[in-house]
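In the two complexes that follow, chain A is the common piece, with chain B as its partner first and chain C second.
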Partner chain A sequence: MATVTTKAAPAVGDDKELLISGSEAVAEALALADLDVVTAYPIRPYDTVMQAIAKKIANGQLVAEYIVAEGEHSQFEIVKHASTVGARVFCGSSGVGWMYAMECLVVTPPLRVPMVALVGNRALDDPGAFGVEHNDALVVRDLGWMLCWIDTSQEALDTTLIAYRVAEDRRVFLPLAISADGAFLTHSQALTLVPPKEKVDRFLPRYDRGDLLLHPDNPITVAPQANEDWVIEIRRQNDEAMKRATTVIEEAYADFRRVFGRGPENPWFEEYMLDDAEIVLVGMGTISLPMKVAIREMRSQGQKVGLLRLRWFRPFPTEKLVAAVSKAQAIGVVDRDYSFGSPFNSGVVANEIRAALYNADRRPPLLSFICGLGGREVTLEDVKKATDMCYAAAKAGKAEARTHWLGVRE
Partner chain B sequence: MSALIVEVVYRGIFQKNLAARICRGIVLSARRSGRWGIAFGRYGDSPQRNGIPAKDFAIVADSVEELEQNMARYEPKHTDITVVLDDTLSKGVESWAWYGLQPINKLTVPNGTVLMTSLQTFDSLLKDIHKKDAPYKLAVIRAKASFSGLWVHKEDHTEVRVLGALAKIAPHFLSLEGVAQAIPEMEWGSDLKVTSARKAHDRLETREVKMTEGNPEVPYAFEMPKWWEMREGVSIPAIPIGKPKEGGQGYVPERNPYFKKYTTRTMRPVIDFDTCVKCNLCWISCPDSVFDVMPDGTFDAAMEACCGCGVCEAVCPVENCITMVNEAVFEDNASQWEMWRRDKAAYKTWLGAKIGDKQATVRSHGFRFRGQYDEELKRDLDAGGTEITAGIPGENAAHKTV
Partner chain C sequence: MAETTFGNATQVLEPFRGIKKVTLEEYFTSGHRTCQGCESALVMKLMVKAAGPRTIVLGSTGCMYVANTTYYTTPWVVPWMHTQLGSSGSAALGTAAGLKVLMRKGKMKSEPINVIAFCGDGGGADMGVGAISATLTHKEYNSLILLYDNESYANTDIQLSGMTPYGANTTFSPPGKVKRLIHTRWKKNMAGMMAAGHPECRYVATVCASYAVDMMNKVRRALTIGGPTFIHSLDPCPKGWDYDPMLSHELGELAIETGLFPLYEIEDGVLKFYGKTKAIVDGRARKPVREYLLKQGRFAHFTEEDLGYFQAKVDEMWDRWEIPGVIPFKRLDAARAALDVK
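This part shows the complex of A and B:
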């Protein structure tokens, strides 16, 4: 091994630097947010955050009710109720565990419960695989859950703080699921800056449920039976809350930058070498890592490729995203999910972006790539192959085949 | 090269915390000189089965971009250093994720280092370690397979001894001073452990290994099927029924051709066919259907299927008929029954040597009596080994950060 020069570490100010996984970073944020109630039921890879919280409580770094439920259904029910009486709550699951909680996941948005959950993304059974796919979290995409994807331990910590700020804003009061790719984020330890509590207190106000607080001093009934005379209005309220979330998210990120001195200017997506990109690749989560490395290599060979890493899937940043991708010669969307029988048999994200582009003045060819399912490695070669197909579509002015599976043995 | 990639190969669950400590230690030591790093376990090894070979990785680099360059893989394809925490892993590793047998030095780069804790000689280790098509270095820390870090056992300083040795192997990335500064900050660190790291640094034994040296066995491999070749409905065919041995006598079951399991083994059963009473207990108790029925009614253990759990030894009613012996003293998976059939007198001599070696029949993973591990540690020291001082779990607890 050759000698290498030493570079000084950057100053970290009053933040401390820890070597922690994405799950441990979430637990750090929960301690800083002074969490009240957390429920747990083990399923890999989410269980790593559950263990990290338990350790924090055992070490005296967090005082919170830690309730071990007998299954995911109860796990999500318990925090839903705790939230209605004014507790700041946390919950989470993975894969089929998230599915088992489905009834509770469905009722949480209409009740306007600002639950924050971590979905450690995991392939749905069968086969009982532990690796990442995004279909688990995506199942709630139409229900009023806010959904975002993160790609580093640092973003895990920062986004957890932002999540409470957004979900608990009275204009929103909707549940929020943070998705973390199983293994790549939940199980990898990276150097992460942890801010002091004083800073967090300046950013995150206490949870105030106001007139929706379930309390003897505020007698209300939550979730009465209702029929067709009432339902569509309730849905319209949810619709409005989700629309308002767009403003609240932008406010939260701006304030986060002001208080912590870091964080993205564009909350919605990371723009990596997008300015002059001929080909724009789109992905969510840790897939950004091989994509960025491949893009650097392709750039060094003169190919102008950029990455749009989507952070927020709900609310979907329609106008901003259209503005960012519609000037490209071709778009390649890499989905770590599937949507069997969907238009063009494409991935979920690809079809969302297609729909978003429908009214755009300029609609470049869009290719859908299904890749990395079940935690399969997304290689630099996969990314380069996708880019080549995008260039071919740009040249032809249309994509011959709209969906391609990459990295499958065939 | 401006990045250092280290894999830590260990025995699943027993050494999980030990491997994680080493990888954290690498990153935090390198951080002392401003480098960036990441530590992670191979997700495919999880959940960990007892004894199954598993891997952790640490990558450190000069810049975040260089780190990303090397991180952009499911797991590293090449490692500068392969750390091996149990010398019986020299025979190779087969993950329970089913991908064939991987030689222990497979990922090690040319002129890289395989660093092992072992009491064996270099020559003895090289009988097991597969030949490599490039020269490399074999470095040894004199120690038995450690349980340091497993929650119920005492500290034996293996994690810091490995870190000290790594500072000798890759001083540009891990300076001894960086290691010495990082150790006391760990929740399991102490000044005493810094001393152990320094001693290991000074006492590391290293030998160059040539391309011609090593076990010539071709590692077992198989081709994974294409999507359209696989059966639908997430179904796999049953293992076919077995066949009798010669002359229609006995019975040998068919076995899974894709997953053999023997690299999980740290001890293997050695059978005295002359004293076997043909009671069937080993055959019926073996959780892996390892025992083949021989034409004479005795039972031969199929060594490619045996994971070395020791249940057969426990249920066998005849004294010394089945004896578990450390895997390190064997060089192949050949049939014991065939050896016995060929030359019974020679087999008797072989058997006597194997089960008579008290060092090899003391359990290496799992204990026969309370306090055995402490006794062994003391004996290692009395025999002139490196000083091992039991720490107190939880010492330095003030530094707990997670």
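This part shows the complex of A and C:
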């Protein structure tokens, strides 16, 4: 019998319940985390989080330096430097704004700055588009940023607290970007449990930069010219930190459940009706909603379909994901992004999963789909069509070496 | 909610009364590998000597990053951190904001810590001018941005910047058989622009390391007065300007004596000229710019016509500008005369 492993969060004692959007939920978490420095610059849709933080500061619910920068490049650079003197920092952007900050995003991981950022996923215009695509956040996937995707306001709040716990762990000290689908999550309200500060204090220790603190009492030189003498060793240190993050993330979720009495047992992905699934669909973010509805309908007609909603993309949960999908008869990966000219012209997630499966003992046919770009709605018909193609591939024992675009005018 | 005033407190750094009163301690020492005759390295040394040990220095990309901070041989005795080419403004702002909030919230021992971010002319006047401008409007954060201007992208092989003088030979503006002058833009007026454009920036000054005590005292004033401040330093560069390294000091003097680079400060909107510049304002004759230009190989291709054009532009700074050498609006009397003619 298939089981639903994520349940509505039970109200625990002294939590209060608020009707808030994903962006507002992140702002609630930031106030609880006693944020020190935040920099804002307007671009839709992520900027709703900066509006929510500004209100919190104006109303005395948070004491922090709130700096409105003159562009995203400065926005990310300012908090990078604030973090090096010991401040807990927050930043964020969307779409081309994130790209405008690119130089500063690149240097943050090797500087071991545990910045937490919100990416309100947005298409990379031109042409003009406010809607969701995941290419903005994914552009840093090779650079040492931890990346995760969230689905609900509750997950937004919880993941923000977990993000600081993980990023600021001395074993990690890497930046972390939380991705929230533009409009679908940044602007959509849902009932959300907000814990009291005492609980958060039990879960989240103070940021301690230790011997990397830039201060006259610790007169270090940061980021000198290293060149070929040392750069490869520094890259290797980044690589080791990202590997250690896997353990730290699992510890953080376990501790989160202990302190707050909720949260998933499996940090890496949500398993929706996966236990007996013949067809496993994979997606990230709010695409889970049409997928879950379609899956329930298909199950009522006897088709055993399940959803694996990937939360963590970096570090990538290779072994756990392979174990979860390799027993299926076919896998359908639905990307809300593109990677033009890539193998099979697939999206980024599909090719990552193909690579992860390469050494698996059992490799089911994998179909890649691109869907919902620019914020286009993903329909139940899209999901059912993808599932039918997966069943056909399962029957044939192999998938076509191509990518299927769903819901697109041909 | 009442803010603690301590968050904005600065160190009180009294001016040095003469070269013999300057402190002996150095905070920029051996370990760098700048060129012989490098004035910018001297600027770094004097800047941090003036600031003292309770200082954080941020350096944007440029010669003073690349040549100064080889891993394991840093010359910086004070904490130092690299920032991106166009980020001196953001580095100063972020560092100052971080320190301020941590002290305000009791997470760090309260004390005034100097924050200095330096940039070259490329990083400051070209790529980073927007971030510097933004920082100069954030009056609640104490920081000094020092622009060391050697008039080219000197670290990457001497390419022209927005601060390279008219007509100069750089690797992006080589004189050729058909075009003698490739670079025909006049240099930006950075200090005047920063002062005029940021009404709440309390201190803007120009300096030249040929006048070391004046330079250090302006750094001390900028750090003491509080809020965001800006200093523009003109630094002769043997490699970029193509002259014998022994002439660095003399070329700095000539830049002032010809009136090409005026020495001044603007504190709370009040302008004050210094040294040889003050003498020029008071009526002393300026030396001809050819004495300055012809000592440098980057102007070796200049004809009499080019020298005449250059001199005429400098004359205009002093004879036609509303505030000579500082603000390039035409004098009101000159403007009125023009209207009368119509």
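Note that the second predicted complex is superposed on the first by the 396 of 410 C-alpha atoms of A that agree within 3 Å, B and C clash if a C-alpha of one lies under 4 Å from a C-alpha of the other, contacts with A are read in each partner's own complex, and residues count from 1 in each chain.
Here is the rule we use: a residue touches a chain if its C-beta (ideal position, glycine included) is under 8 Å from a C-beta of that chain, and two chains touch if they have at least 3 such contacts.
As the structure is a computational prediction, the values presented were derived from the model and not from experiment.
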Once the shared chain is lined up, is A:Ala323 touching chain B (first), chain C (second), both, or neither of them? neither
Let me test your reading of the model: by the given contact rule, A:Val63 touches which partner, first (chain B), second (chain C), both or neither? second
In the superposed arrangement, does A:Lys80 touch chain B (first), chain C (second), both or neither? second
Go through the superposed model and pick first if A:Ala401 touches only chain B, second if only chain C, both, or neither. neither
For A:Gly71, using the defined touch cut-off, is the partner it touches chain B, chain C, both, or neither? Pick first, second, both or neither. second
Identify the partner contact of A:Pro216: answer first if only chain B is touched, second if only chain C is, both if each is, neither if none is. second
With the two structures laid over each other on chain A, which partner does A:Ala190 touch: chain B (first), chain C (second), both, or neither? first
Taking the superposition as given, does A:Gln225 touch the first partner, chain B, the second, chain C, both, or neither? second
Chain B and chain C footprints on chain A meet at residues none
Sites on chain C touched by chain A in the complex: 1, 53-56, 58, 65-66, 69-72, 74, 76-84, 86-87, 89-91, 93-95, 97-102, 104-105, 107-108, 113, 130-131, 133-134, 138
Mind pulling up the chain A residues that touch chain C in the complex? 34, 36-37, 39, 60, 63-65, 67, 69-71, 73-74, 77-87, 89, 103-104, 107, 206, 214-216, 218-227, 229-230
Contacts from chain A onto chain B in the complex sit at residues 1-9, 17-21, 24, 27-28, 44-45, 52, 55-56, 59, 126-127, 130-131, 182-183, 187-191, 289-290, 292-294, 296, 375-377, 379-380, 408-410
Help me check something: in the complex, which residues belonging to chain B touch chain A? 1-2, 4, 23-24, 27-28, 31, 33-41, 43, 46-47, 62-63, 65, 68-69, 71-74, 80, 170, 172-173, 224-228, 234, 400-402
